[in-house]
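Pasting the structures here.
Below, chain A partners chain B and then partners chain C, in two separate complexes.
Moving on, here comes the complex of A and B:
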C-alpha cells in the first residue's frame, strides 16, 4: 500500500492545501495583512471543520444522523475552560493578596478564586466538579473523559434498544437540549447563563493575543491534519467497509457476524471525543462559552455543513464547514452591503439564515453530492443509473445520486 | 450420527397466529436438506428462529458439537458460531466492490478493535480470488456490486457465505430469478458445499428440489407434515392435498 495509490490522493491533496493555507495565513499575519481577530476566526473555522469531519464519519459513513454532537464539542470547551478560568483567576488573586504584605495562605487563595469566579451567580464556594480545575493534565483528561463517557452511556442505551433513523436524531436533540437547560441553571456549577469567560487569556503567558491567536491557529490546523489522516486510514480500510455496510443494510451486517451495536457505539463515542477535542481548541479562541452553545440548532448546523459539503467524503465535510461558517460570519458580521429593493431593504444579518435554508433545500434536491460532488464532475466520476433506488434498504443508506459508479 | 442443529418443540405465535407449531427438526453435520411448503407454512419464520431474528415462545434450538442453545445469542453471535444465511432477495452491499464484499465476509475476528488493525494477508487475498473465480466473478473484483446482474448478485452472496466458512448454511429460494443455466450451476455448487457442511435450502420450485436429490422436509401450518425423499413425500396423500394439489 503506497502513499501514491489513487485511494490516498484526496488525502494528499487535502494536506497540501491545508499546509499552503496555514503558511499563507501565518505570513499574512506576520506582515500585518490580516487582523488578529480574523486569524482567530480562521482558527475557529478549522476547529469547526474538525467537528464536521467527525460528523461525516458518523453520518456520512456509518449513517447515524446524530443531531447532538455539538454538545460534546461544547463540553470539551467547558472542560478546558474550567482550567483556563481557574488558573487565570488564581494568578490575579495571588497578585492581589500579595499587595497586602503577608503571603496568602492556600485557603485564602482558594476562597478568593471561588468568590471571583462564582460571585456572579451569588455563590462563594467552588462546586465539587471544579475539584480538578487546578491541574491542566487532569482537566485535559476530562476533555476526553466527560464527553466520551456521556457518549458511551447515551449510545449504549440508544443502540442496544435498536433506536435508529429519525428517532435517534430526535433523542440526540433531546440530549443536547437537556444538557443546555441543565447548564443554564446557576447551581449546575458552571456559572449558569454567564458561562465561562476570559478564556483567551492563557495563564502564565505574557505574549500578546496576536501571537497566541497564531499558536491556536497552528494547533487547530495540526489537529485537523492528524484527524484527517487518522479518519482517512479508518474509512479506507476494512473498518470503513463495515460501517458503510451498516449504513446501507445493517441487518445483513448482523448476519455476517458483526455486532452492529458495538460498531455504532464505537463510532459514536470516537466522534464525540473528536468533537470534544475540537471544542477544547475552539473556545480558547472564542474567549467565552455559555450554555447557548449547546442549543439544538448548533448540532443541526453541523449536519447542514456536512450535507452542503457532501456526506460520505471527508474533504466534503471540511469544505462545507469552512465555506458555510465563514460565509455565515461574513453575512452576520454586518459588513455585507444591504440591498435596497424599493419597497424595503434586504439586510443580510436578518436574511442570511433564509439564504442558508434555501441553499440547504436546493443542495438536498438538486445536488445531493454537495460541493464535494464538483470534484467528481472534474474527475469524470458519475453516479450509477439505478432509476432512483437507494444503495441499501436502511434509512441512512446512500442515495443513488450520492454514489459513485 | 449426532445432529448439528436440533430444533425441538418450537412454537411461535404472532398476535395469536401460530406461525410455528411444535416444530421439530434436525440436520447432520454434512447434509443437504430441502424444505418445501405452501406460502405461510412457516419456512421463513423457521429461518428467522435459527438465525436469532425471532425468539420462539417455547421449545429449544441447539447447535454444534457442544449443543449450545441459540436462544440466548444475538444474531451476530449466532453468525459467529457458524450459521450463515442467504436471503431470498440478493443482499450484497451495493456501494462496495466485489472484493470489499468478500473481504467483509471473510472469516476473521469481528470486533471493532480487531477490524481496525486488520491487514489483508496474502492468504486472504488468494482466498478472495479463489472464491470469486468459483462463482464466475473472478474478473469483476473491482466492480461495485450494485451494477452486477441479479444472478451475479446471488452468486456473490453465495461466495460471501462460503467466505464466512459456516458450519450450517440456510439458503432461502436460491433459484429465484435465475436462468436455467444458472440454476444448474447453483445446484452443483450446493451439492458440493453440502459435502463438508450442512445446507438447508428453502425452495418453491419443485424441479430445482428434484435436482438437489436430497432429503425433503415438507412444512405445513408451522409443523412438519412429511419427511423423506422427494418421491416419498410427493406420494403422500396429505402433501398432495395441502400443497401439490393446489397446482
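Moving on, here comes the complex of A and C:
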C-alpha cells in the first residue's frame, strides 16, 4: 500500500486528528456545550490554518518569504463579501418596495441597492466593479480570478527581474500596503474604510446562526483537508523536490535546466489562490471586512505562525496558526485573569503582544524548528551534521537545525 | 477721545480764521436743506462741505450722520453735541466750545438712511486723509474689503495728499482695483486692468473674477447683454441641466420623477387596475409610462414631460452663458488678464510644488538615513527601525514634560534621543542581530517580533492618544515669497537637519577611522578581522549609530506629526522603499531615492489634490515597476562593493 508509506504517515495522522476534532466540536455544539461564537472562532481559525498552509508551501518549501499574502486572503473575502452584501440588500430592498403598493421595477431595485450600500460613502450609483455582484457563480469565479491574476502579474514582474530574498519581502509588503491604501479611499468602490458588513447573514437562508456557523465550520475543515492532501501530494512528489532545491540553491537549479521562474510563479499564484479561498470562507464567519485587514502586519503574522509552528512541515504551519491565533483571541478577549504584581497588575490584554513578540524572537534564535521540533524529537528525527552550514547559499535556505536528516 | 483729538487738530488750524469759518458758513447758507434733507437735493451741500477744506467739516458731517447735530430751541443756533453725564456738551460749528445744555433744550437733526449713506461716502475722504496713518490704513482696509463705486472718487482725491509712500502705494493700487470695477469709462477700466499685467495678488483676482462671472440662460432668441458663449446641450452642459434651466425659465413643464409617477399611479389605483393596466404588470418602467400616459389622456393627472417632449423642448431652445458685466471690452480685457495671471500662477505653483517636494524628500531622507546605515551598509533588515523613530519622538515628549522652555527642550532632546536609541540599538544588536548576520529573512522576522513588543510597551506606557511635541515659537509661521509660494519654517529646519545628517554621514564614512573600519568590515569581515579590526565591535557601533540617527529623526518628525506608538510604522515601508529605490549601500542613492519618492508623491498629489491615499498607492505601484527597470536602484554599486 503506497498510502501507508512512512512518507504519508503525517498526512494520515493529521486528517485523523482533524476529523476527530470536527466530530467533537459538532457533537459539543449539538449538546450546547460550546457557544455559537466559539464555533465561529474555531471555523475562522481553520481558515487561518489554511492560509498558513499556503504560506508554508511558499516560504517553508519554496523559500519565498512573502509579506503580502494576507492581501490575497482579504481580496477573496471582499469578492465573496460583495455578493453576500448585494444579495442580502436586494432581499431587503425588494421587500421594502413591495410594501409600497406597486411591484418594483428593476431600475428601482438597482437604485435602492446602490443607495443602501453606498449611502454611507455619499454615493448612489453602483461602481463598475460591482457588475457581477448579482451572481454567485460569477463572484465565486472572481474569488479565484482576482487574487490569482494579481499574484500572477505581480509574481511575473518580480521573479522576472530576479527580485529575491528580503527585497521580495519588502516589495510584497509594499504591494499589500498599496492595496490597503487604495481600498481606504471612499471612491475605491468598496465602501472605503467602512468595508463590507453584515456578511454573516446568508441571503435566502432562514436557518439560525448556530446552524450556519456549523456549516461554515465543516466547510472550513473540508477545505483544510483537501488543501492539506493536495499540498502534501505536491511536496512529496518531484515538484516538491524541485521547489525545495530552489529554496536552498536557486542558481544551481537554474543551471540544471529547470525554469526556476516558472516554478516560483506557479507556487506564488497557487498559494495566493488558496489564501483567497481561505479568505472567502473566513469573512462570512467574521461578518465584516475592511481595508485594515490588508495592513502589512497581518501578512507578517502569517509568517510568524509558520515560523512558530516550524517551517517546511505542513502540519507545523497548521499547528502554529491554530495555537497562536487561538491564544491570541483568548488573551485579548479579556478572559484571562490578570496577574497581580507587587508594583502593579499585569493585564494580559495589554501585555499579550509583548509576550508574543518576545516569544517569537526566542523561537527564531533558539528553536528554529518551532513546535515541529517537538514532533521530530518524539519521532527520533535528527538534524544533519553539516558543521553549521545551511542547506544552501540562498537567503531562504533551511538552516542546519531546521533540516531533517 | 476722538473728539478731543479732533478739537486739538481744529485748534491748530485756528490761525486760518477764513478757512475755519468756511464750514459754518456753508451750513448757515443751506440751513433749510440741512434741517429737512432729502437724498435728491442734499448732494451738492455735502459735496461743498467736503470740499471746503475746513477741518470742522469732518466733525460736522460725522455728527450729522450720528444724529448729534442739534439745534438749540432757545435761539435756533446749531451745535455739535456730545453726551456728558446727564447733559450734552456743545461745540459750535467753528470748533469753539459752547457750554452744555440739557437734552430737552435741543432738537436733534435726524437724516434718513439715504442721506446718511451720502454723508458716509463723503466722510471716506476725511478718514482717507486723516492725520493718523493707522486710521488711514484702516479706512483703506475697509474699502478693500467692501469695495463700492462711491469710494472711488474720495479715494482718488486722497492720493495726491498722501505722504507715507507705503500708504500711497496701497491707495494707488486700491484706486486701480476700484477703477477697473466701477469707473464709468470703458477705456479707464481696460487701462486699469492692463496696468496690473500678471500681478499675483489675490485682491486683483477677487476684483477680476466678478467681471467674468456668467449666468446660464435658456431662451428661444439670443438674450440681450454681453454673451460669453452659446451652449449646446449634451456637450457643454448635460441634458438634465439644460432641461432644468428650461423648467426654471418657465419654458417647459417639470419632468416626472420616478417617485412622483409612483405616487400618481398609486393615487389612481382602482380595483387593482391603473390606467387600464393591472398592477402586477407595472414592474417595468415602460409599463408604468404607458399607464401614466393613459391617465394623462383621461385628464386624471397633470401633463408631465416624457422623454420625447423633453427632447423636442431641448431642440427648440437655445442656451447661453451671459456675463453679468455688460461691457464686452472690459470682459475681454479681464479674461486676458486672468489668462496671464493663470500662467504666472502655474509657474509659481510649480515652484511651490518643488518646495513641497523638497521638504517631503527631506522628511523621507531623515527617516531613511538610519536605515541607510543599518540596511544599506550592514545589510541588516531592521523592522524595528520605525520603533526607534517612535522612541526618539517620545524622548522629546518626555523632555518637554521636565523642561518647559521649548527651544532648550529640543536642544536637550536631540542628543538624548540619540543616546537612548543608540543604547537600544546596541542592546538589540548584542542580544539578537549578531546571531543572525547570515540570515536576513530570520533577522527580518526577529526584528519584527521586537517591533511589535516595543510598540505595545510604548502603548502601555504612554497610552493610545497622541502626545504633543511642541516646536519652539521661532519655528512657527512660514516664509512666504508671494501669495502662492510659501514654506513653513519647520520644514526649512527639517531640510537643514537632513543636509546636516548627509554631511555628517559623508564625513563619518569617508574621513574617520570608524568609517574606514565599517567599510572594511562590510566588504570583507574576515579580511578586516585579520587586519586587526574587531568586526563585533564595529558592527555594534554601526548598528547603534544607525539607530541613534533614527532617534534624532524621530524628534524632528514628532515636531510636525502626531506622536503615537504607531508613528514609526507609518514611515517604515516608505523608508525601506527609499533605500531600495535609491540603491542599497550608497548614501547618494538614499538621497536620490528620497528625492524621487518625495517629488513624485507631490506631483501625483497635485493632479489629484483631494486624495493623498491614492497618491501613496500610485507611488508604491510606481516603485514596484521601477524595480523592474533598475533592480539595484537608482545608484547601483558595482564590482566588489556590491557584495557579490
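Going forward, the second predicted complex is superposed on the first by the 404 of 405 C-alpha atoms of A that agree within 3 Å, B and C clash if a C-alpha of one lies under 4 Å from a C-alpha of the other, contacts with A are read in each partner's own complex, and residues count from 1 in each chain.
As a convention for this text, a contact is a pair of C-beta atoms (placed from the backbone, for glycine too) under 8 Å apart; a residue touches a chain by one contact, two chains touch by 3 or more.
Nothing here was measured: the structure is a model prediction, and the numbers come from that model.
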For A:239, is the partner it touches chain B (first), chain C (second), both, or none of the two (neither)?
first
Which partner does A:37 reach: the first (chain B), the second (chain C), both, or neither?
neither
Of the two partners chain B and chain C, indicate the one touching more residues belonging to chain A.
C
Pick one for A:131: touches chain B only (first), chain C only (second), both, or neither.
neither
Would you sort A:257 into first (chain B), second (chain C), both or neither based on which partner it touches?
first
Tell me the contact category for A:163 with respect to chain B and chain C: first, second, both or neither.
second
Considering only the touch criterion stated at the top, classify A:345 as touching first (chain B), second (chain C), both, or neither.
neither
I'd like to know which partner A:386 touches here: chain B for first, chain C for second, both or neither.
first
Which residues form the common part of the chain A surface touched by chain B and by chain C?
none
How about chain A: which of its residues touch chain C in the complex?
65, 100-108, 154, 157-158, 160-163, 165-167, 169-171, 173-175, 177-179, 181-182, 184-185, 187, 296-297, 300, 303-304, 307, 350-351, 353-354, 356-361, 364-365, 368, 390, 395-396, 399
Residues of chain A that touch chain B when the two form their complex:
234, 237-239, 241-242, 244-245, 248-249, 251-260, 262-263, 266, 384, 386, 391-392, 398, 403-405
If you look only at chain C, which of its residues touch chain A in the complex?
258, 262, 265-266, 269, 279-280, 282-285, 288, 381, 383, 432, 435-436, 438-442, 444-446, 448-457, 459-460, 569, 573, 576-577, 580, 611, 613-614, 616-617, 620-621, 623-625, 627-628, 631
What residues on chain B touch chain A, complex-wise?
51, 74-77, 79-80, 84-85, 87, 91, 93-96, 100, 103-105, 110-112, 115-116, 118, 120, 144, 146-147, 160, 164
